[in-house]
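Okay, got some structures for you below.
Two complexes are shown next, each including chain A; its partner changes from chain B in the first to chain C in the second.
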Partner chain A sequence: MVLGATSSTAHTLRRFVVQYGVYVSLGLLLIAALILTPNLFSEQTLTVLLKQSAQLGIIAIGQTLTLLVAGLDLSVGGVIFMTSVIIARVSNGVDSALPLAIGLSFLFSAVIGLANGLLITKRRIPPFVATLAIFILVQGAVQAYTRGVPGGFVPEGLSVVNQSAGFISIPVVLWVVLTALFVFVLRKTPFGRRLYAVGSNADTASLSGLNVDRFKIAAYILCSLLACVSGVVLTGYVGYVDRFIASGLDLDAIAAAVVGGTLFTGGRGSVLSTMAGVLLIQILSTMALLLGLSIQTQFIIKGVVILAAVALYSLARTD
Partner chain B sequence: MKKFVWLALVALLLIGGAVMAQDTEKPAFTQEEIDASPYLQSVLARQETMYDTSAFKKDGPYRIALAAQGTSNSWSALFDEHARWYAEELGTDVIGELLYADAQASADVQVPQVEDLLAQEPDALILVPMGAAALSAPVERAMAQGVPVILCASTVETDNFVTEVGTNLYAAGAYLAQYLVDELGGEGNVVMMAGIPGVTTSDVMEAGAKAVFAANPGITVLDGQPGNWSTAEAKSLMETWLAKYGDDINGVWSGGAQMSQGIVSAYLDAGKEIPPIGGGEFGNGFLRLALENELSYAAWQYPNAMVTLCMDMAVKILQGESVPRFVDFQDSIPDTQYFTDAEGANYFNPEWSDDVFGPILFPAERLESLGFLVKK
Partner chain C sequence: MNQPDTILDMGRISKAYAGVPALREVSFSCERGKVHALVGENGAGKSTLIKILGGAVQADSGEIRFKGRLFTHLTPRLSLDMGISIIYQELALNPYLTVAENIFLGREPNRAGVIQTRHLRQQAAELLGKLHVQIDPDAPVSELTVAKQQMVEIAKALSRNADLIVMDEPSAILVGEELEQLFKTIQSLVAHGVTIVYISHRLDEVFQIADTITVLKDGAVVGSRPREGLSHRELVQMMVGRSLEEVYPAPIGQRGEPVLVVDKISNARLKNISFTLHAGETLGIAGMVGSGRTELARAIFGADPISSGTITIKGRLVNHASPAHAIRNGMALVPEDRKAQGLFTALPIRQNITLPILNRLTRNGVLQSKRETQVVEDARHKLSISMANADQEAQFLSGGNQQKVVLAKWLETRPSVILMDEPTRGIDIGAKFEIYQLMRHLNEQGVAILMISSELPEVLGMSDRILVMRDGQLVGELPRETATEQAIIERATSGVEVS
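Our next item is the complex of A and B:
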């Protein structure tokens, strides 16, 4: 009887860790920030923190979708860079050409997502290999298009993404709206529920009549489109075509989703907890900067946090 | 009386000349600095040492291998174009063939490429090393094979090469820091944004700057972080610093113009007055931004045109002429000196796109064919 009660408590605790661990961690981190770096809560720091979180957060939504179908997408860095180059080259700094440039970026991004999805589902290429190959291909195509010179002019109109009211900026609004949209889609629509089913057990989903490939392809297309949104935001933010525009963001987005509790094996995770994961990673980075820690220490802290999160979820899910 | 006036005029000219010479004189280093920096010891020693190249002497035309950084950015594209143009300028009786390898800015790609180039038995190898450690062994192998190696724009860990063309990076970093010290009258707070940690160019420039700040006790370095030569990362970092230090920042030291563009962008977004920046370059994008916002800055240069000097060195070596083991491009290529905002307008070219890093030695038509002129 006692054994049963203990087992039940342990089970409840594990479920709590899996469902709310990232939010508790975020809360604890904020308390630590209050003590160690109180200037984190100044309006200016919060503005910067949220803006930078939004840039990462939009990509992380897409990564969560691919992780939910037991995949991942390493091509998002290529999509962001491509978006930046298309905007600068097609518009050549002219505001009126911006809709065409952004439209083309979305079109090419969707094609990249489709290619990822088809390679993974129809050719049975592992997601790591398929999306890495597409990333290299996109980089090569962009270099061929630009002849190795990723230049051009970013239209002045795109700098609108830098505007903010208090600590709410356009990228933050976009991030929150997109997160809310995908929370709704994943929880309340048949498409969302089936996406989880496909990720949990593709064979069972297939046996129950679901077109598994179609759901996986959709996840990759959405991931590419979200990377494109992030590319537009980042291009407006930087104001230049920067070869390193997405450096680090692609892998940080996967890390944020994992810290948020999304499983690499698919079927478990949520966009809302990814949002908490993004905030956790970004607050840690900002705190490290405010404390004046060296870049080496920052990398170590980030690595430890990711490892700790994975270990904790792994322990909690061992049932 | 007339004699006296002439004498006074000559004296004034001499004094003026001496003052101007002092302005353009390269920074002197203390023994303490030299002792603390193996880079500085190496560069200063090699500048004074000549390499006897008689063993490499042969008749032309020559087959010269160029292992370049390759397709990665505008600096590198213009570097390659300078190489192609200069080979044509020298003529086929001097350079019969220019073998070329594109490393795509990766040491992993470059190492086997150098092996491939050496298999083609070139007369000389011009190498833009993508990694000091990774390229050391290929350089050793080239020299053992009897192919003289000219390092261009970067260095390797081994000392077994003929010569290196570049500039004193320690001095460049120190110059940018000294500019800030002078602008601030020796009193104030600065932040330092270096390039990529572990990359020689970045680390050495940073060391030069730190030595200057350390020698000026009135200067406080509030913070120092890498911006990884990325405009986006530099902007994010500067935004965080602005949130943390606000108006306490009196000057910004930056190890590259692309990061300086991000720094300026962060200030513009924050609506704050931009302090003096020690970290401009002869990059048209930076110069345009500087002119539009009336920036106070000091700039150093790392011209892609230095490949022409590397090719000159290759030809000299093959002709059996002794060459210095370190060649500073500032001494040979015009318009590659340090400069400040006072001269910035002379360097800016409204015809060029933002991606152009000058000086450009070849005709404008070649720039146009590469898409580097502003579309009208």
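Our next item is the complex of A and C:
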């Protein structure tokens, strides 16, 4: 049974790759960084790196949730843009109006998430199409509201997100806390278990007594709300309103989840591995920057990493 | 050992998945131009053996001699080139291409890279002619019945000059005369010197078509016998080590209060259906596929709406608006299509079993892992589910164990009525027996079971009463004592052209 033993080892190896591949890759990348770009670990670089990771990471948590229910959300860019406009317009630079502005942002974000969820469940529109349409619609509506001129000011108070103790800043703390929260929710609460069930097989879930639509809608609302959190942080970070504030982040968030091992077909993935995926992508970008590679080269590297991750997972998942 | 007319000789093949042996020194040989049946329970190793023959899986040890050539390993390419064709249950045809295009896919007759459509069509027509089937070579495959698609697969195998064709459960997707047609085709193939390996669960078929029958059990060969002189009884005993009489446990013979009263329910697929289900009873529902049996179960369970009529459970009007509602009223549904509707194949066994009772396992909003593990362990013992551990994904279990997981899920909700749609479909005889035992045990505890089944021996063996459906209506009730297969078939089909 020597042969049996090797095939068992292969099986264990495959499971290991699927479950821990992203963490091992992250570890290897950090070692590579120690050798190639030691200044990555300087406090200044690390602070920026983590802050940017947090902005992406908070969106990626939400994206992981929609991926878990076999969907995706392309409208997060719109939510972030809307959030920054609401903050600037409603508060108009006045700190005391900030809670109202943020509250309104959350409310509108939830409505957008609800719209995504309803279109996908009740009208059976594919998530890609529904959320893309909502993205375009939100962008358009916000620009109609601003008449193309970003008015208002971002209150000083919001720049609190730029403060940091060492390389730990408020966005990073938020990211870690939210990740921990969702790790707990997904693993240890009935809601999390049911979300996996709905994503894994909607028919079985429904015949097991779950209201499938309700769970899917919840995932989209949560995704929108998390995008809104990231929008608040980004607005404070950038300090002004910009239509392209979230450009690239939306798709990077999906990429990070996929690099972390979350499947497009639903029911598989975790927010912890998404966090590792986010770090992997951000560290790679920063290293490329420190090595003086062109932005084009950075994109190529990013693309290769995403493809490599997906190829590795699919290899490990086929027997 | 190698006689001149032995086309295939697989010797001492062993294969383990993740350390679990799937085949142990299995030897299997085929004589040219004969039909060899390969039978055995799910998980007995039939598919693994076939995958090794097709080159999809590599054996850990052993050798394969085919047409006199010795191989330790085959690849899919090599297997095809050597003249081995495998027709899987899930047909591998492109629905949007025509019959002829499918047959010659990747090997189209061409001149300088341009497909010669006329040749293609002509050659396809010739092949189909050989099989004596009426199929238009220009028809898109999606427009054919499953039976005809299967014929296209066979034509495809012939076009590759296959000497050995393996059919994996070909009858599972066929009904009535389609099966007769398949048998005719097999006989004509055999007459032309083609060797057939026929895999099936249905023993009647095996007796009808096979020259030799090989029984696999737990990854080893129990025996290989010529059909002549082998009795049905002996074959069952070889497969399960248990005689046929013991398969269906006797009914408990007394029924309690009515639990489920269905009164004149109708919807798009059901017409005016009324019946009463009593505690401790197994009520069988027979009928042809498409007669509305599954739709009846779904309507009662709230998965499909009803347009009129009432459903009462224990005297309370329910008319379930959703499965969630039905589950709260003490109902459970074991669906027909286990993988698509009964299981979460990619989720761990643990999560499959405890899904409907998560609230009970939760304290202050947090799942109690220890209690959950306890529930799963209890279920595993009670139903003797054989699994590596509770975190194993359900897809890696055999059909029988998967069905036990589905049952375990529902037993945890302590239902008073269980609707079972084809509860033993695609399950090996051993697991079937265990499920029958479990059903009787549930009856004894007062649980009412509504069992839909296409297997008449199962309907007759398990039911206290039998309702027959046709065209969405109930067309007869037969008490256990007087019910016969003949009586059921007459009611299920009368008014419909038979043949």
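Here is the rule we go by: the second predicted complex is superposed on the first by the 316 of 319 C-alpha atoms of A that agree within 3 Å, B and C clash if a C-alpha of one lies under 4 Å from a C-alpha of the other, contacts with A are read in each partner's own complex, and residues count from 1 in each chain.
Please note the rule applied: contacts are C-beta pairs under 8 Å (C-beta built on N, C-alpha and C of every residue); 3 or more make two chains touch, one makes a residue touch a chain.
Nothing here was measured: the structure is a model prediction, and the numbers come from that model.
In the superposed model, A:S314 lies in contact with neither chain B nor chain C.
In the superposition on chain A, contact of A:D203 is made with chain C only, not with chain B. Overlap of the chain B and chain C contact sets on chain A: empty, with no shared residue.
Residues 39, 42, 44-45, 47-48, 51-52, 92, 143, 147-153, 162, 234, 237-240, 242-245, 247-248, 286, 289-290, 292, 295-296 of chain A are the ones touching chain B in the complex. Against chain C, in their complex, chain A makes its touches with residues 1, 3-5, 7-8, 11-12, 187-190, 193-194, 196-197, 200-201, 203-211, 267-268, 319.
By the touch rule above, chain B contacts chain A in their complex via residues 70-74, 76-77, 197, 223, 225-226, 228-233, 235-237, 239-244, 246, 258, 261-262, 265, 269-270, 285, 353-355, 370-372, 375. Remark: chain C residues 14, 16-21, 60-61, 301, 303, 322-324, 326-328, 333, 335, 340-347, 351, 354-356, 358-359, 362, 365-367, 409 touch chain A in the complex.
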